[in-house]
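Dropping the structure in here first, questions after.
Labels A, B, C and D are assigned to the chains in the order they are written; within every chain, residues are numbered from 1.
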Amino acid sequence: MFFGFDEDQIAVKEAVGALLDKRAGLTVLQQAWSDPAGPAAWAVWPDLADMGVQGLLAPESAGGSDLGWVTMTLVLSEAGRVALPLPLAETAAIGVPLLVSAGDPAGVLGSLVAGRAVVTVASGIGEADSGERPRAPAASRADWFVLGDRLYGRDDVVLRPVASVDATRDLAEVEALGEGLVVGSPLEFGALAAAAVLVGLGRALVSTTVDYVKDRHQFGVPVGSFQAVKHQLADAAMHVEFAAPAVWAAAWEMDQRGGDVGNIGEVARSVSLAKALASDAAERAARTALQCHGAMGYTDDYHLHLWLKRVWCLSPAFGSARWHRRRVGVDMGLHG
Amino acid sequence: MFFGFDEDQIAVKEAVGALLDKRAGLTVLQQAWSDPAGPAAWAVWPDLADMGVQGLLAPESAGGSDLGWVTMTLVLSEAGRVALPLPLAETAAIGVPLLVSAGDPAGVLGSLVAGRAVVTVASGIGEADSGERPRAPAASRADWFVLGDRLYGRDDVVLRPVASVDATRDLAEVEALGEGLVVGSPLEFGALAAAAVLVGLGRALVSTTVDYVKDRHQFGVPVGSFQAVKHQLADAAMHVEFAAPAVWAAAWEMDQRGGDVGNIGEVARSVSLAKALASDAAERAARTALQCHGAMGYTDDYHLHLWLKRVWCLSPAFGSARWHRRRVGVDMGLHG
Amino acid sequence: MDLTWSRADEDFRAGARSWLEANVPRPALPSGDTSEGFARHLEWERHLFENRWSVVSWPEEYGGRGASLWQWLIFEEEYYRAGAPQRVTQNGIFLLAPTVFEFGTPEQQQRILPRMAAAEDLWCQGWSEPGAGSDLAGITSRAEPVDGGWALTGQKIWTTRGAFCTHLFGLFRTDPDSTRHRGLTYFLVPLDAPGVTVRGFGRLDGDEGFAEVFFDGVVVAEEAVLGGVGQGWSVAMATTGSERGLTLRSPGRFSAVVTRLVDLARRSADPGGHPDPLLADQVVRGWMEAEAYRLFTLQAVTALAGGARPGAESSLNKIWWSELDIHLHETALALRGDAAELDDAWMRGFEFSLSGPIYAGTNEIQRNIAAERLLGLPRS
Amino acid sequence: MDLTWSRADEDFRAGARSWLEANVPRPALPSGDTSEGFARHLEWERHLFENRWSVVSWPEEYGGRGASLWQWLIFEEEYYRAGAPQRVTQNGIFLLAPTVFEFGTPEQQQRILPRMAAAEDLWCQGWSEPGAGSDLAGITSRAEPVDGGWALTGQKIWTTRGAFCTHLFGLFRTDPDSTRHRGLTYFLVPLDAPGVTVRGFGRLDGDEGFAEVFFDGVVVAEEAVLGGVGQGWSVAMATTGSERGLTLRSPGRFSAVVTRLVDLARRSADPGGHPDPLLADQVVRGWMEAEAYRLFTLQAVTALAGGARPGAESSLNKIWWSELDIHLHETALALRGDAAELDDAWMRGFEFSLSGPIYAGTNEIQRNIAAERLLGLPRS
């Protein structure tokens, strides 16, 4: 029993974190807000590939490192920390393992790992039919689209841009034209990846807010010295820190199963645990962050809203907390 | 439009409140804890009848005043305030109006109004079957038992005492022997009456706790000067004060329908509103009261537990908050 | 107790309803917090005024109908029910006007109120400063006496729709040696005066709803003072009571959202014809909390109609409606599933609801007020 | 990362499980917080000791097995899984013993620990005083030097099972001029010493679980001091860290409740075979929060096994498990419908769970600690 990270895992996380801080900081994020498909937003993508991030779940034969899900989720939480406006989860943590598992039917794994091609994944998984069409982020730049359990090339889809609350999402409705290639459901991979990003977003929201309330004075004292602020932040930090181990544990279990879509049902309960806790924790952190920032958080002149909106997008993605609790309840025989 | 009380209503409430303070104070309540059927606990019963309380919903022909539900709920909230350990709701607000509505088939209305006979009402209303037998409070002293929509005399039931968390409840399982008399469902009357008592309990819990935290010092200052304590109490007070008008409004609607069981379905939504809000508010007030009292609230040497336990008994009685929300949801077409 | 409406009130309701049905713009106007939308809203406001629905509770001489508080509630209920546009004049009508009625000179009332009702003068609120948000008493903007008036210097921030308005009401420090809430004065300032600079900036939802207003020796006349030099705090508190109390958040606003939410829930049904039972429960909870708010308000208006003054229970009011508003919108987004992220009316409403616990005194401040003034707990 | 147990750990688990299955008393013992129940519990504690399951993580010389932290966790998991009796010796074993291991002299360790493990000496905690609950530094009980030792005077309260114990550990003020947390000393006191008076009184649930302990010039020897005169605060904080941290609330405790709760939910099904979906959701939420607690604990034990010291995250731990415990029992009562009021094991468990956010430092204090020491927010 050892519930910690080994040196390699920590080294990868820190290297990616440093790269993101340097090449995907706040200025880049703000540029992505007005031009999500533009060169500024995407400049870090090849750097990430050079560092091997897109290939973390790919075998060495495809140019990957096969370091596995524990490393992947650590890296995704770094992407969440900086609110990276790129489809890293969709490409590296959904597209790659689906293609690996399906035997790379389109022969594109190498280009994904090399950072030359981009995968995105359409919504509509894990919720009752909302009457909306499937939508995918990074639609202007994606080369491959996962819809349901199939993969489509860019020429096999029709895209209609729609506005997300988070403009960096570059969202579009996706309609498939052809048959596509069967690659398997992205649900488990997507839910776990989103959970990891949400942990990073949640931690960043707590730490940004802690910094703000230490500095901001009202009534002659720092706002952060008021019990009402302290207690909200202590609760937010607690929920994020209790969600994080569930994400690492689900990643470890995924690695034990070899990330094979065939027997992925065995990890479903751990994935639901991770996603439910992470969605709830990140939503709480977002609400707390905004309330503790006061009006400052409510302006788009300040950067907080970029993290808030990402949480609002990812919390329901690949199944809300409620949906995942229900899935576990069904598994326990508590629902019809 | 006038959402207030008239002078008569206020006068009755104040007179009953004064009587309860004088004749059913803390000492009497503590005696009822060890001997709920004893003379000390019951001494105020004839006084209440002398004041006309048991007859508030009875016509003048039966010795009542027919003052109606608004006055009745005001009086019941006073009973909640002092945690009166007697079946006033069961007798005056359920037994009497059921018998009035049913034409007094047993000919007992006069004795109820005069305080010479006592009605109790069995549980099991408004919840899924819990597998338990119906239970009624004040079982040792009750003359009449409402089970389902029927009334049974004491000789037509078998009683087996069972322990409630609230020893003043004098609880027993009730098994009916005969056919009984059909008097109609006690659900609406019971839910509204319990809601009124819960508002009184909730207000008392808030005010007792406010007094305690003003007095209790820690870290050199009154506990009540800490924001964490203030905010919990402000929230508790808010929920109780927003529940109260819903109780009065449901009572007014009940009066408009003449309290007739025949068309009582028309007030069901208002009753559910009142009971759901009152149950939730009283539970919150109980939790807050205990937390703000600290260890002091956790001893049976101190009186707080008597109010807490009454809340725990009445909050689920005649339908929990959840049950009443579901009933409204069904009415709105939101549940199958 | 009598929870029925009088015949006169029912007639008033019928009149409001039929006028609104015939006049509310379709499709709905664009957001009033953009410059294009604001202009469209102004047309609507002036149309309201011309038909005497702009300020129903004001005396007829100022453009109102002398309607009772009850009728005002009825009008609001009908206004929201009809899906009529957000009132871009609300900061003047609901926040400044009650103060002018109470503290203004007859000259000020004549000069200010009719033009406000007609949406000729558009008023924004200058309360917050970079260093004084929830802590209003930390204001440092100052007014110095000059010949025939005052010179204003300083900066206001978070001024809603400041970039679109013509006038500002705000607090300035007239006694330079004063601290905290002493030595403040309430000023009425035209935004076209020399030395005023207004910079609009965006809200969370992307609308340009906020402004910073800079004052660089802006000269105003003596008549720009409302309620007496040095009396600014108590005059402002009256306005603040109004903002936190009944006026901004009439129950009809939330009842209208509940109606839309129930409709959304019915349309979000699974193949069996019903929404997720957990969300159905949240919808009913929202209905219950909106009903409780309506009833609490009826109780409060009964007291006001009987001569009571608004008290600290308005703090409870503000906590309740702001949390209710968030709850309703969160429930709607949950019903939307992962389509919640679309930038539509529900998401916009959700974003706006999140400002509720912040503006007009944060809910933390409101809980302090309720604890100290209603419950009598000691100050920290 | 490796979330599998070693072969040795699996063997340890199998050994514990089979012994517990064969030895746990059936039917369950009466509450250990009544005098009759306490005696029955002592028999059990001695039986545990004789089989070396009383203090598995202690060195063998004191009656333990020298088990690792991991094995201690495994034992606890099996202990709760088996429905074994509440440990009435827990205040000694889990709160005092770690302090004796860290601060005790070899003589104290030899004298105290084996008799504690064997349930010969029964230790209760004397922290709180009528004027010092959450604010431990407000202690006024004092110790005055006398020939060869100290004379203790004062009053302790909320001493769990004080009426049944033989010894007390507690803080007394040795420097009469000191204030707050300076000048306190940690004493070990036999309750049969002349001048000690113990008055038991009831808890919320009716059990006589509390005591007041009065000291009227009680003379103790120099060896009654643990960890140095005047060092009481830092010594006590070590114990408090222990109380708030891992020891009292092993994850197995909550996992066992979850198992019973899932079972209750299945039995509370409607005619269609399923419980109310809202309550099913609450059951799953409880399972998730218990799982999160288990994983958080595994992470923390990994750090401890790697040489880390317990830190302020133990405050988060305490908030989490105490709120989880209430949530689990509230859900159970909701499943019971209006039968919840029956004075049964679920109601008893609910009542006990409500003490969680109060004892061992209220959750308000824990949130302050987490905010200040983990997040670095300024003190008030």
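The definition used in the following text is that a residue touches a chain if its C-beta (ideal position, glycine included) is under 8 Å from a C-beta of that chain, and two chains touch if they have at least 3 such contacts.
As the structure is a computational prediction, the values presented were derived from the model and not from experiment.
Asks: Name the chain whose C-alpha centroid is most distant from the C-alpha centroid of chain A.
Replies: Centre of mass proxy via C-alpha means gives B as farthest from chain A.
Asks: Count the C-beta contact pairs for B-C and for C-D, then tell me which is higher.
Replies: B-C
Asks: Please compute the C-alpha centroid of chain A, do the same for chain C, then give the distance between them in whole Å.
Replies: Inter-chain centre distance comes to 38 Å.
Asks: Any idea how many Å lie between the Cα centroids of chain C and chain D?
Replies: Centre separation, chain C to chain D: 52 Å.
Asks: Give me the residue numbers in chain D that touch at least two other chains, ranges are fine.
Replies: Where chain D meets two or more other chains at a single residue, that happens at 275-278, 281, 364, 367.
Asks: Which positions in chain B touch two or more other chains at once?
Replies: 226-229, 231, 322, 326
Asks: For chain B, which residues are in contact with chain C within the complex?
Replies: 1-6, 9, 70, 206, 210, 213-214, 221-222, 224-227, 229-231, 233-235, 237-238, 241-243, 245-246, 248-249, 252-253, 273, 276-277, 322, 325-326, 328-329, 332-336
Asks: Would you tell me which residues of chain C are touching chain D in their complex?
Replies: Result: residues 276-278, 281 of chain C touch chain D.
Asks: Over in the complex, which chain B residues touch chain A? Could you list them?
Replies: Answer in residue numbers: 226-228, 231.
Asks: Applying the document's contact rule, which stretches of chain A touch chain C when the two form their complex?
Replies: These residues of chain A touch chain C: 123-128, 130-132, 135, 162-166, 169, 171, 217-220, 226, 228-229, 287, 290-291, 294-295, 297-301, 305, 308, 312-313, 316-318, 320, 322, 326.
Asks: Of all residues in chain D, which touch chain B in the complex?
Replies: Within the complex, chain D touches chain B at residues 128, 131-135, 138, 157-158, 201-204, 206, 210, 267-268, 270, 275-276, 278-279, 333-334, 336-343, 347, 351, 354-355, 357-359, 362-364, 367.
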